[in-house]
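Okay, got some structures for you below.
There are two complexes below, and they share subunit A, which is joined by subunit B in the first and by subunit C in the second.
== the complex of A and B ==
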């Protein structure tokens, strides 16, 4: 049943800002904090919260380094994150198709 | 860009319990509170919160009547709700397809 599929969607991936972050990281080796911030149109604090949640779930890796004296935060997706992202897309696709057939 | 589309998703529809509610109401004339509660596997309080949010957004109508002495809450989707639901599905479909093409 479509409702069950909806309720089973991974809440870590489902939040729009996190979904946007993963949809970027899936296509690149890594991305800077500032690039993710611009792409997701969010604040430092909000982005940090979402990145931490993704890191704690094992979906991304965060590497903090320096570029000269400037701190540099690099994010990359893990194998686990890739798997979760693809599974989520697959489930979304099934939900959309089952809804389109119904209505 | 796919990130923009993700960030533009209607937050009223995007919450899984509300999406599940709308996906039921789109297929029927109306549904009882108890049926929605069973289908969304949630509590009375939580369901009430989500139904109120959908009603306040003009996406559903809630009618409270009685069946004998038993209160009966009937929910139905509005034209505005139908439109929002279909738009959401369309956007979701575009996101899934654009992601699948990228990865």
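== the complex of A and C ==
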């Protein structure tokens, strides 16, 4: 694997929890904080940190609202996030291909 | 980046997409409940027409509309509100159902204003429901549901050459094959999905 391709990988998407979050959000309109927590098997604090990082990068949108009296955090992917995720997939594909060619 | 690491990343993506797909799968309860209720109402309308109890037709139609509205509210709107994930596919699908249900309902009332003859109600509403079923089949990637839309359109063709009373009984058969059966298939698929999810 060439060193260039490692450097090209988006560090925001590269973290396993953030990759899992984006993989969920890419297929849905929006997802609750609790669903993301259950799916990624992380703690509230850890998930919050990753969500904030993704939001700061403009990859996801976080909407805080209420369902009755319960607070509700809804997350959805942005256009920028979709582009970054697809680019990341393309890069993974390139890595797999280049490794296959080597062998 | 090693080959193993790439495989791990791809595994994470696949796992998450699969989990989300199962969470957003359609349970089919909407189809089964609305289908059975409509079959009962239309069968009763047919029986009422057969015994010339025409005054029962409109109340039965109203019961069917209101009942289906309530079933839709319980099986779709309330359940979706409680769900933790919302998919575009379901939103599109429910919008198509609503868009097709409204003209189908309007069609039921047109003969009372003398706009169309009574024997065309079943034909028009069946044609419209065929569109909803076809779109649902395409959205949920089910060939059986796509094909069952042809049952609706075929039923409409048959009904076009019939009088009102036998139309009701054809419609009962069409709803069973073209609405309840797809619901059962969706439900089976949904239950199989949940079972594999639980075993993981």
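As a convention for this text, the second predicted complex is superposed on the first by the 102 of 103 C-alpha atoms of A that agree within 3 Å, B and C clash if a C-alpha of one lies under 4 Å from a C-alpha of the other, contacts with A are read in each partner's own complex, and residues count from 1 in each chain.
As a working rule, a residue touches a chain if its C-beta (ideal position, glycine included) is under 8 Å from a C-beta of that chain, and two chains touch if they have at least 3 such contacts.
Not measured: the values here are computed from a predicted model.
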(request) Could you look at A:86 and tell me whether it touches subunit B, subunit C, both or neither (first, second, both, neither)? (result) first
(message) Between subunit B and subunit C, whom does A:24 touch in the aligned arrangement: first, second, both, or neither?
(response) both
(request) Name the contact category of A:62: first (subunit B only), second (subunit C only), both, or neither. (result) neither
(request) Name the contact category of A:99: first (subunit B only), second (subunit C only), both, or neither. (result) both
(request) Could you tell me if A:34 is touching subunit B, subunit C, both of them or neither one (first, second, both, neither)? (result) second
(message) Show me the subunit A residues, by the header's touch rule, that subunit B contacts in one structure and subunit C contacts in the other.
(response) 6, 9, 16, 19-20, 23-24, 26-27, 39-40, 89, 92, 95-96, 99
(message) List the residues on subunit A that touch subunit C in their complex, please.
(response) 1, 5-6, 9, 16, 19-20, 23-24, 26-32, 34-35, 39-40, 67, 89, 92, 95-96, 99
(request) Note which residues of subunit C are touching subunit A in the complex, please. (result) 1-3, 6, 8-10, 12-13, 15-17, 19-21, 23-24, 81, 84-88, 91
(request) Over in the complex, which subunit B residues touch subunit A? Could you list them? (result) 1-3, 6-7, 9, 11, 14, 16-17, 19-20, 23-24, 26-27, 39-41, 86, 89, 92-93, 95-96, 99-100, 102-103
